[in-house]
Amino acid sequence: MKGSKYKVAIVGASGFTGSELTRLLAGHPHVEIMHITSESHTGKPFSTLHPQFLKIVDKELESASVIDNADLDVIFLALPHGVSMEFVKRWKDKKTKIIDLSGDFRLSTPEVYKSWYNMDHSYTDGFEKAIYGLPELMGEKVKNSSLIANPGCYPTASILSVAPLFAANLVDPDSLIIDAKSGLTGAGIKASATTHFSNVNDNFKAYGIGIHRHTVEIEEQLSALSGTTATVQFTPHLIPADRGILVTSYSKPKVAMDSAKLKSIYEEFYKDKHFIRIRETAPSIKDVRGSHYCDIFPFWDSRTKRIISIAAIDNLLKGAASEAVHNMNLMLGLDEQSGLNQIPLRP
Amino acid sequence: MKGSKYKVAIVGASGFTGSELTRLLAGHPHVEIMHITSESHTGKPFSTLHPQFLKIVDKELESASVIDNADLDVIFLALPHGVSMEFVKRWKDKKTKIIDLSGDFRLSTPEVYKSWYNMDHSYTDGFEKAIYGLPELMGEKVKNSSLIANPGCYPTASILSVAPLFAANLVDPDSLIIDAKSGLTGAGIKASATTHFSNVNDNFKAYGIGIHRHTVEIEEQLSALSGTTATVQFTPHLIPADRGILVTSYSKPKVAMDSAKLKSIYEEFYKDKHFIRIRETAPSIKDVRGSHYCDIFPFWDSRTKRIISIAAIDNLLKGAASEAVHNMNLMLGLDEQSGLNQIPLRP
Amino acid sequence: MKGSKYKVAIVGASGFTGSELTRLLAGHPHVEIMHITSESHTGKPFSTLHPQFLKIVDKELESASVIDNADLDVIFLALPHGVSMEFVKRWKDKKTKIIDLSGDFRLSTPEVYKSWYNMDHSYTDGFEKAIYGLPELMGEKVKNSSLIANPGCYPTASILSVAPLFAANLVDPDSLIIDAKSGLTGAGIKASATTHFSNVNDNFKAYGIGIHRHTVEIEEQLSALSGTTATVQFTPHLIPADRGILVTSYSKPKVAMDSAKLKSIYEEFYKDKHFIRIRETAPSIKDVRGSHYCDIFPFWDSRTKRIISIAAIDNLLKGAASEAVHNMNLMLGLDEQSGLNQIPLRP
Amino acid sequence: MKGSKYKVAIVGASGFTGSELTRLLAGHPHVEIMHITSESHTGKPFSTLHPQFLKIVDKELESASVIDNADLDVIFLALPHGVSMEFVKRWKDKKTKIIDLSGDFRLSTPEVYKSWYNMDHSYTDGFEKAIYGLPELMGEKVKNSSLIANPGCYPTASILSVAPLFAANLVDPDSLIIDAKSGLTGAGIKASATTHFSNVNDNFKAYGIGIHRHTVEIEEQLSALSGTTATVQFTPHLIPADRGILVTSYSKPKVAMDSAKLKSIYEEFYKDKHFIRIRETAPSIKDVRGSHYCDIFPFWDSRTKRIISIAAIDNLLKGAASEAVHNMNLMLGLDEQSGLNQIPLRP
């Protein structure tokens, strides 16, 4: 890039992730959106699907086939798992970098993928190429990668909440319980009983108990980080709110611990990480809404001898779209904060 | 009672608990509300404070001093802790049964009270008389009591979620983690930053981490139930909803466990308890809203070897007002379900 | 009925109206629910569809064909318009009274029906038989009817908000503007973009501007009431709440008006109507939630010379299910309040 | 400004307006925030009051007295009415431009002020100097002003919804009814019964019927615009949402009207106004949340012969903070869009 802008495309524009990617990239100083695709809405202006973009992004939606011969620097795939792998395979010989926001390349092997996603993987070569794109942990690897598996929303918050503990192998790897809570946008834009207002409003429930796919994603990353085999109890719940994930992580230290020590472990680990904010009190999801921040509050309970670590993110941003942009910045050698300077929108 | 009705009074009518007690007792077939008191609103119609009662309960609010010489069967105290103990002391020689909805007589000793409530107790004799009024566990004792300490909202849901396990001493008493979530009404009717709409709506946060007073209430009851010393990790969170508590309890069994065994333990333990509903799937708080039900879903995670038990109640009813009415029914020898036949209001 | 109970059936149990009818009728002292039908869920327990009913109403859902030979006193039709007319026709020779909660028999003629509902009516004889079941206005006619067209939710609130004015022909019949707001349950249980949580939560919008079908229903009833031809401006909006309709009605008086006179007109008109509460201040939808009340606040603006009348109801109850039960009570000669003694659930 | 930035101060930082001004100005390319003041929180970091700003704006809060001798280009007053006028008076001889976000200088005369605000005005000279800062209507006057009365939130949406009609004197000036709805942040950050979550959540109500202060503000501006005397019926309602105002305006044209003509009137009037978006369908408040846009949908109801115009804004931005920044841009000769390029945050 010499004076010009990097050329990017967003594949799959009908969902929340596609919409938020477009919002961030439309405001990114070093990027130009060349194509936005949607197979079911080809020919319509993007702002027809997402009315907040009227007069801002009215660009016409195209079929993904337009990408085949397009000269692009980065492709963002905002597609369901199972679909995404097909496009990664289709464009594997292009020189374009690919950031895949689905779950298709996040796990270690096709076998693990099959056991948790209940389907065969159609592009197993991708597992070797793909880098798990959690920038705070994988920054250097991301820079040299051409295929990024953008992390899941729950795993982003979950892993960041305890990474300083696992990186130093300080906790019993079987003791970790992550009680997670997410706003409804995590369930996607599709209309269903799950997303019906009357089932969510003024309500609260757990779901996917013991079987949620993000469990293995968290376990694999924490195991790699600690050099142990972590077994994680992960329970997601649904908050009657649009955006936000809050995780409450419980773990047992293997070493002597106190409040000051715990705090310094977190501050040291994240000291150069602009988007991680270690807090003195528990964060709420509105403290990070609309931004790329992950707020973390580590707490030592001397009575029970447990570490409780609470982390909050915006699931659509730090847990998806802005994390993808962060990865793009790293891959293109741009400033990490480029286009990610949004201050949280509260109230 | 032969043809006539029992005479009751509600002391402290300005809050949510006083309001809900009035709603239930106004519709109770065997009870007549003689007095509703409020020191700060004496002389006003009750429906001025709680407009939903217009033309239903317009009864004039009185000073609590009217109770001194009143001939009553039951007094409900819907007062803050610290205030409530004064009235229990003041009316200790009346023959009237007292149901105290504050925390003043829930704990084992004045010393434990002081260490968690940070104040001296002014009526220590009450500790011996008071029965912890969780009807499903204490039904027989409640029947013969003249002073009931009505349980806290979180303890009601928390204890019921794991009582079958602790009663049979099946779990490691130090393994229990209760990740609890409550609607905003649990914070009371007083206006504050905590209850400001913009801090609650579309938001979610943890609070009172490691120090919430309900922790010791849960620990004491589970310890008594199991004959062990239970240490409980209790973390409350605030749901952007009016009513409802959902607790997610994690524990480690000391014995061999499987799904069928776990289910039968719960079903057996609660088999005659009308208001406990063992579910096949995880309950949501709206499934019990406006009712006296406690819905419980016990789950065995064979992968992690943990029991997860989820319980949902309406914090203002099963966690406060209807629990008090249930206790009253027991104390007066009435049918347990009398006046408690509300079907949950959903959506 | 001598010692026994009236036998009723609910046809169409999958929606909110069917669910609320069941809740009310299950608690009604003079009624027994014989059948609950659902073509798409035949054979399942009712509580599978509506989990709040677990252990309360687990009755098995049946096909509507079971009604053909059933001996019943009252049938409630909780079906979509267009479908409902077929069942009214099918059971027209049964001696059973029918209360139809759809829009199929609310209008004056098949022609008017066709012009607003865009379909031919298949049972035009029904128009003569059907009585518009707004109990406060049509009570006597309802008593002698065998087919009730239960009013729409918006029309119930709208008509009640101004009936005292139109009954005495006090306002310019072309001046009426009804700015109406409804909770999301008015849109039904079907999953769609409209009912997706993220489109409703923290949001607000108008819809059906100038063309909503309830416009003609309101116009016809107010025209009949006043003996004039009323042209009504009706604009519905969507509140991010589950239940409740609030209408703000604006009209110009044809006669001299003042605050005292306005208030006395409303109080006089509704003086024997138990479920109408004339308020001194503006009601909110939570003041009536979960109940059969309609709260009305009439206001004279001497500066602008307009009457503003605000009415609040629970759209699923006073605007649907409890209104149907009220009609049943009238048809069966029961006390009007029978089974309708719920106190509003607030907060 | 030659290479350097304009120096600004925000007086009154504890409320929502002060917080949002800070967010916008912290991201404005041509401005530097020199002081943020709060008398009750002097010495604390700004991010203590508004935790979303942690590590972004931690600047220490100062007393407003620091402004007395400060060299500034623009002062923003985010203070209550009555207080604001004192500071305008105090700093009247400074060369600094003042943008007052209170209601103190919005009306035509001290007499009108007194009759609607029930207090004497202490700086009556300000009325001559102050320009009503609605940029789309007053842009040229704003450029040359040194004292801006930033419009009220409701008046901004209300006036913009019908300005094209009044500017051309097309409607009966007594026919205008504005049925307005606002999110709760319009009630401010102070804790009270009005702002208590349980009174707002799942609720809806009207307030200030016939007497709201914004009525006269709207009337004065529309009268000036049309050269007539407009009498406006204005009724505000409270939406259970954080942000957003939606107004539904009803008026009667004095001239022949049709849909195409109406649309062209609006498009012509706003053709150069970047932040006004004329829509083909009704906007919702989330379509503009977090942005400076005002979305308008004009509708001609040929059946009733009324114009219905619906406008949506973010009350904290277009109705307060971003409108103030827009005014600052005009006063400083900057690009109107400078610092106001936020894309609405939806969902």
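The letters A, B, C and D name the chains in turn, as written, and every chain counts its residues from 1.
To be clear about the criterion, contacts are C-beta pairs under 8 Å (C-beta built on N, C-alpha and C of every residue); 3 or more make two chains touch, one makes a residue touch a chain.
Note that the structure is a prediction, hence the values are computed from the model and not measured.
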item: Length of the shortest touching-chain route, subunit A through to subunit D; value: 1
item: From subunit B, the most remote chain by mean C-alpha position; value: D
item: Distance from the mean Cα position of subunit D to that of subunit C, given in whole angstrom; value: 40
item: Geometric centre distance via CA averages, subunit C-subunit B, whole Å; value: 36
item: Centroid distance [mean C-alpha coordinates] between subunit D and subunit B, Å; value: 46
item: Per-residue overlap in subunit B, given as positions that touch at least 2 other chains; value: 16, 185, 198, 201-202, 240-243, 283-284, 286, 289, 347
item: Graph class of chain-chain contacts, one of line, ring, star, complete, other; value: complete
item: Contact footprint of subunit C on subunit B as seen in their complex; value: 16, 19, 23, 26-27, 50-57, 185, 201-202, 242-243, 277, 279, 283-284, 286-291, 295, 341, 343-347
item: Touch list for subunit B against partner subunit A, complex; value: 174, 177, 179, 181, 183, 198-199, 201-207, 209-210, 231-233, 235, 237, 239-244, 246, 248, 250, 282-286, 289, 299, 301, 303-304, 306, 308, 310, 312, 347
item: Subunit B residues within the subunit D interface of the complex; value: 16, 184-185, 189, 191-193, 195-198, 200-202, 240-242
